[in-house]
Structures are given as structure tokens and as C-alpha cells.
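Structures are listed in the sections that come next.
You will see two complexes here that share chain A, one where it goes with chain B and one where it goes with chain C.
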Partner chain A sequence: MGGYFFDFGFIYRNLPIFWSGLGVTLEVSVLAMAGAVVGGLVIAFGRMSRRVWLFAPATAYVEFLRNTPVLIQMFGLYFGLAVLGFRLSPITAGVLALAGQNAAYLAEIYRAGIESVGRRQLEAALALGMRRWRAMRLVVVPIAVTRLVAPIGNQLVVIIKDTSLVSSISVYELTMEGKRLAERSAATYEVFATIAVFYLVLTSAVSLALRFYERRVQLIF
Partner chain B sequence: MIRVRGLVKRFGQHTVLHGIDLDVARGQVVVVIGPSGSGKTTLLRCLNFLEEYDDGEVVVDGALLGYRRGADGRLGRRSEEEIAKSRSEIGMVFQSFNLFPHKSVLDNITLAPIYIKGVRRDVAKQVATELLTKVGLAHKADAYPGTLSSGQQQRVAIARALAMQPKVMLFDEVTSALDPELVGEVLTVMRGLAEDGMTMVIVSHEMQFAREVAHRVVFLDGGRILEEGPPKTLFREPSSERLHAFLRRFTEGYKLSV
Partner chain C sequence: METLGTNLPYLLRGAKVTVLLFAASLALGTVVGVGAGLLSAARHPVPRGIVTVYVFLTRGIPLLVHLFLVYYLLPVIGLDLDPYVGATIVLALYIGAFISEVTRGAIGSVSRGQLDAALSLGMTRGRAMRKIVLRQAVRYFLPPYIGTAVMLVKLTSVVSVINIWELTLAGREVVERTLAPFQIFAGVALIYFAICYGLSLLGRAMERRIEFGH
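Coming up: the complex of A and B.
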């Protein structure tokens, strides 16, 4: 039937394809987010270290990964390493690239937060006789994290949206499945509108969860 | 208890402390006064090695603070563990309280005893409750710092420092960030400590308090001790023109505000 506005029936009939793509998108998102959140913390501590052999590589890492496109990094990990004989699966390469670059961004968010938020409390902890590392773990990081919920949340949303890029190294996630479906059926409008809604639902869920968490931790402040 | 000799502290090119000598006997209360920028806070922070000093020595309870003299006679920085150990025996209260906002009042106080001294949780809690009673805040044990008034927060900060059973307490302008009507409650707690025989070094602008509580007042100006002595003598007959001018500004300010 032509001359329509939006063919819901078409979407409904092809839902399994969307579900399968959504599953892969979720997988890539969760792995990349976990990698970025943890990796970023490690790099942030490197950036704040007074030891040159920790500070210098952490800084180089952040500068390099923040200032080159994540798509190129992905190509490098997938095609580039393959040339050198290390063959990564498309999903592994995609997750590594997304986690890698976003770890660099998150490291800078953490660092700014830790350096600005916890300085006074850090001094108090040191004055009580805590060693630096324990003061960080017991006092500074917990405070910084609760105050960094919003900027961290923004970065997680970026990760979810950027998972669409892994379609270009042939991961069959939401965008890739959508592209294939659109090419087969010419229902381009329906397909991409639906995909957009799926992404919106994912990112909103993350934002809402974090806002809820933020409200809870701020109540006790 | 504290012996300071020839203490020098520089920030880059700028020398903040030009060779300070200071003795604080056990149970003594010393109040350090002086104009802003005179190095009072820096001096105090050198006494628990929050500032690393560049020359001279700070000896607390017989041990050189922060450095150790090696076999060759040269000074080397002590290990982080040793420095932390020294600090655990020196209590410090800050101008801006610096409480841990993510911990309840009780947990603020028990955190260090539990994690640093290995005190059992229930014992630490009991001690904390006693200290809270002492500073008049037993009913706020489960509150979070953010819900307290500035005066209450500062009293919690004092209790937190006391929980480590320090040999000395350092107070860095602890009433400067308080609402005027809340200054009294904090000074009352400090007065009680002094009466209990706590060794205290207090940086303060509260001249009346210094007059009543201090055994000795030290006037710092431009990174040097210009005068020191019992408060009565020092306030009544300042021998230096600088102290005279400093005190006059205070009394004038006081008259204006009345």
C-alpha cells in the first residue's frame, strides 16, 4: 500500500530483526561503558600521579585518543591489527575502541572532579593519619563520584550513540540491521525512525537511572 | 611537646616563614595571631607536615617530623607510612571544617580510629558517642554534615580529631568561617579542652579568647615572630610598633561593630 505516512505493520513484522540488533547494541554498550568507567579511573590516577612513568603515558594516552576520531581508532584495531596478524572479532574491536576513547574522556572528568571536589577532605583525611591511597579510596573517590554523576551520565549516553559506529566494521547491531532492512525493503523512513526511537529509549533509560541515583545520593549530603 | 627551630618555608621564590623558633610545652595553649599573609596558617600546617618545610626542624614529642637524619647526617623524607603515623598523633581542625559529606556524623568520627588504629567498630562508636556528648551533639550522631549549622559542623570536626587521641591539637582559624552567633559554642568546646590540659596551638583572630585561654600568645608578621609572651603583657604593653598597630585595628574594628 503506497501513499501512507508510516507503515506500522512493516515495523511490526520485522520486529525480530530490530530485537536482534538491539541485543547486540546493548551488549556493545554495556561492555564499552564498563570498560570506559573502570579504565578511565585507572588513567585518571595515572594523570594525577607525581611519578613521571605513570603520568607521562597516561597523558599521552588521553591526548592521543581524545584527538583522533573513534571511527579511525576502530579501523585501526580491526583492520590495522589484522594486518599485523592480530585478528580481533568485530565486536571486540568495536568495544575496545569505544571503551578506549571514552576512558580517555572519563579520565579527564574524574580528574577534574577529584582535584576540585576532594582537596579539603583529602587534607582532613591525611591530617587524621590516613595514607594517601586509603584517603583516596575511603574519602575522595566516593565524594567525587556522587558529584560527577551528571557528567559521567553524559559520557555514557555518548557511548550508546557511538555504538552505531561499530556497524562500519560489520557488527550486526541496531544500525547495521536497520541499514540492511532499509536496503531490502526501501522502507527507509520507517526503519530509521524506529531505530532512533530505540536509541532514545536506551539513552533515556540511562539518564533517568542516573538522575534517580543522583537524587538519592544528594539527599544524604 | 613541640619544638620548632629555624623553620623556613618557601613557595617557589617567595619565602613565607623566615626561621621560626617556637616551643610548646605539654598542656600549654599557644595562640598565634598576626595579619593575614603573615604565615600563621603555613606555620600551623608545618606542624603536622601538611606543608613540607624547607629548612630548620619541627620536633613533636621527641621525633623529627617528616624527615629523618640518615647515617651521613643528611635529611631524607620519611616514608609515607611514618608521616601518616606522626599525623595520627596530631589533631587538626580546619577553617572550613572539611567533614566527609558522604558519611554520617558518627561515621566521620569513627572512620579514622577504625581504619588507621584498628579500633573495633563498637568501641569506636562508643568513644565517638562520648565525644559527641562532650561537644553537645549526641543527638546529631546519625545526621549528615550538610544538614548541620556551621558551628555544629566545626564541633563535629573537633570531635573527629579528638577521636584519634592526639597528643597535640592544631586549630587553623576555626571560627573564621562561622556565623558570628555560632562562634561562642565552638570557643566553649575549645576552652573545655584547654581546661582538660590538652596541648593546643591555635591560629585565631579571637583576641578576647586568646586573652582568656592562652598561656602564651605569639605575634607573627611577615613570616617572623615579632613578639611572644603571656597574653596580659602582650596585649597591654606591646613592645613593637607592628603589634601595637595590629591590636589597634582590632579594637577599632570592635568599636565600630558595636
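Coming up: the complex of A and C.
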């Protein structure tokens, strides 16, 4: 038959390849998310610090990482550091690049959230006799978190999608496995459509979970 | 630094292609995105539904996968498209989804009372939207729009993966020739930084002018 149609049989026979790629995509995503969420917090406190030696480097970090492509950051970490004697594995370089850039984005999200809670909430808590750290922990941060669930969720979705870029430093994740499969078969279109569905399911799952969580937190506060 | 110096003209030629790709896809993407954003403010559920599906499909799938899909689909349907034109269209449709969200958010930021007041003064709905709501929405539109444009500059680097020559691919070629990846990628990053940061500064200047206008 000369026409083109969607060859489900081909996809079904090759499902193990997709699963293996999906496993690596999940691994890279989870590690990069964890790194970005924690790293972002450290940088956010640097950005809000009144000490110049903390504020200046944190600001430079945020501006530089947010204004350069993550692909170039990946190449720099993977190929660039190797000639300087630090040889990273492709997965390590990919995770570091994704965590590094998204930490910069998350730092700004945290900062905006904490600043939007405002001085008055903090002062009210201090007036009630709370210590500064306790007021931050029990009043400012919980209120900020409820406002931040949506933007943080969007950033986590960006991380999942950007994991597809680690394929270009030869990490065998979903996109790379798909590309290899497409190149040694005629079913190129089927392969990428299937991969697209995998990503849609992943990103939608994260969005839905966070929306559910957001509704629950809003009920509490 | 010498290697970077001798290869700088080549990299700058790549940067020119990056800027052209960016400008073309931003122009097309803005038309698509603002159009989609306006449709999502429509009262009829069908255009709203179409925009929702468009945004869902675009934002949930990586740009690289979209590029591969088109790259492999075009020969199948027998369409012989120039790679740059194809990449521009994919980038434009991709960024269009983000711009449509920005547009929708900007319209939503203008309070409902403004529209009601205009309608109660006897304006038609179309006129009230144009003269009252959209005019105020521009202020809320600009800051996230500039952010989206900066995102687009960085996204153009992804087309290098399907062998379209621009700044990132130029950088990779120079690295293969010179074996000086650290220097060259640092140089490439600085060129991207100059474009993106320049764009942010331009955006901030535009915001200030618009705020004076009010």
C-alpha cells in the first residue's frame, strides 16, 4: 500500500524502547526539579540579602543564566568543562544545566512571592511577639507558597520539556530513543507523534497535580 | 582568547541569522498569538475551545519534538519547504501559544467594571472592547510580552539540533575546528546575553514611556 497511515503495530512492537527512554526522561526531570527547587531558594535569599557580597553574585547569576540558552549552558558544561579537566557524564551535565537555569527562574518566583506578602504581615507577626525567623517560617513563607504554586508548576513543566534537549549531548532519553528508532525505520512520523503524546501526558500530569494541590492549600489559608 | 577573536566574525554572522529567525518568528507569532488571545475572550465556546486545544498541544510538548514532527512530516505529505521557512513557522506557532496566554492575561487584568461602565454609557460591545478594555490591557501586556520575546531568542538555538545554521550551530562548527569548546561557547553565550539583555532593557524603556502616557 502506497498511502500513509498511522502504524500502531509498529509503535506497539517498539514500546520497550519508549519505556526505556521515558525512564531516563523521568530520572533527568526529577533530579533537575529537585536541584532547581532547592538551588532557587538559596539564590532567592542571596537576591533579597542586604549584604552586597551575597546580593551581587546572586543577581549576576540570575541575569546571566536567564539570558542565555540552556542548550549553550549544556554544551559549556559538557564539552567546555571537559577541556578544563572536569569530565562530567552527559546525564550529570544535562541535569546541572537544567537545574542551574531553572534555579535562576525559581529564585525570582520565590522572591516575588515573598515580597508580595509584604512587610505588614511580617510586622504583624513580629508585633505578636514572634521572632523574625519564626515569623518568616510560620507566616510569610506559607502565604507566599499558596500564591506560588501556579508559577512554580509552570516552571516544572518547562523542566520536563527542556529535558528533551539533553538528547543533543547524547543522553538516551525519550527524544533521543525516538530519533534513533525513527532513523532506522520508515515510521518516522508515528514515532514522533507517540513521543509527543508521552510528553503531553507527563506535563499534564504535573499541571493537574499542582492545580489539585493549589486548591487544597487555598482551602487551608 | 585568540581563537575566539579570529572566529568572532563567523559567530557574528550566525548571530545575524539568529536575530532574523527571531524577528520573523516573533512578528508571525505575535499576529497568531494576539489573534488567539482575542479569540479566547470571545463569548462563543467554539473559538475558545480551539484556542484551548492549540495552547494545550503547544505548551505540553517540547519545541524539539515539534521541530522533529514537522521535519519528518513534510516529506511524507510531499511538501518541499525551505528549512528556514519551516523553522520560522514552527517557532512562530510555538511562541504564539505563549503570546496568546499573555494576551488573555492582559485582557483579564482590566477589571470587569470598566467594560460594564462602557456598555452602560451606550457603547457597543466591540467599541467598548477596543476603546476601553484593550487600550488599558496594553499596559499589562508589555512586560510579559518582552519576557516571552527573550524566551524566543533562546528557543531559536534549538533549531540547530535539526541542522539549521544559526549562532548555536556556528558555535558547534567552530568548536569542531578549533577544539576550544570552553572559550567558544562562552563567547556564544555572551552574544546571546547581549541580544536578550538588550531586548529586556528596550522593553523596560518602552514600559516607562507607556506609563508616562497614562
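In this text, the second predicted complex is superposed on the first by the 214 of 221 C-alpha atoms of A that agree within 3 Å, B and C clash if a C-alpha of one lies under 4 Å from a C-alpha of the other, contacts with A are read in each partner's own complex, and residues count from 1 in each chain.
Simple rule for what comes next: a residue touches a chain if its C-beta (ideal position, glycine included) is under 8 Å from a C-beta of that chain, and two chains touch if they have at least 3 such contacts.
In this text, all values refer to a predicted model and were calculated from it rather than measured experimentally.
Considering which of chain B and chain C touches more of chain A, the answer is C. In the superposed model, A:R132 lies in contact with chain B only, and not with chain C. When the shared chain is aligned, chain C comes close enough to touch A:T203, but chain B does not. Of the two partner chains placed by superposition, only chain C is touched by A:T175; chain B is not. Shared-chain residue A:D162: touches chain C; no touch with chain B. After overlaying the two complexes on the shared chain, residue contacts for A:G80 are found with chain C alone; chain B is out of touch. Within the complex formed with chain B, the residues of chain A that make contact are 120-121, 123-132, 134, 138-139, 142-143, 146, 217, 220-221. Against chain A, in their complex, chain B makes its touches with residues 48, 50, 80-81, 84-92, 94, 96, 98-102, 111-112, 115-116, 144, 146, 157, 160-161, 164. Every residue of chain C that touches chain A in the complex is listed here, in rising order: 56-57, 59-66, 68-69, 72-73, 76, 150, 154-155, 157-158, 160-161, 168, 171-172, 175, 179-182, 185-186, 188-189, 192-193, 196-197, 200. Listed in rising order, the residues of chain A touching chain C in the complex are 4, 63-64, 66-73, 75-76, 79-84, 157, 161-165, 167-168, 175, 178-179, 182, 188-189, 192-193, 195-196, 199-200, 203-204.
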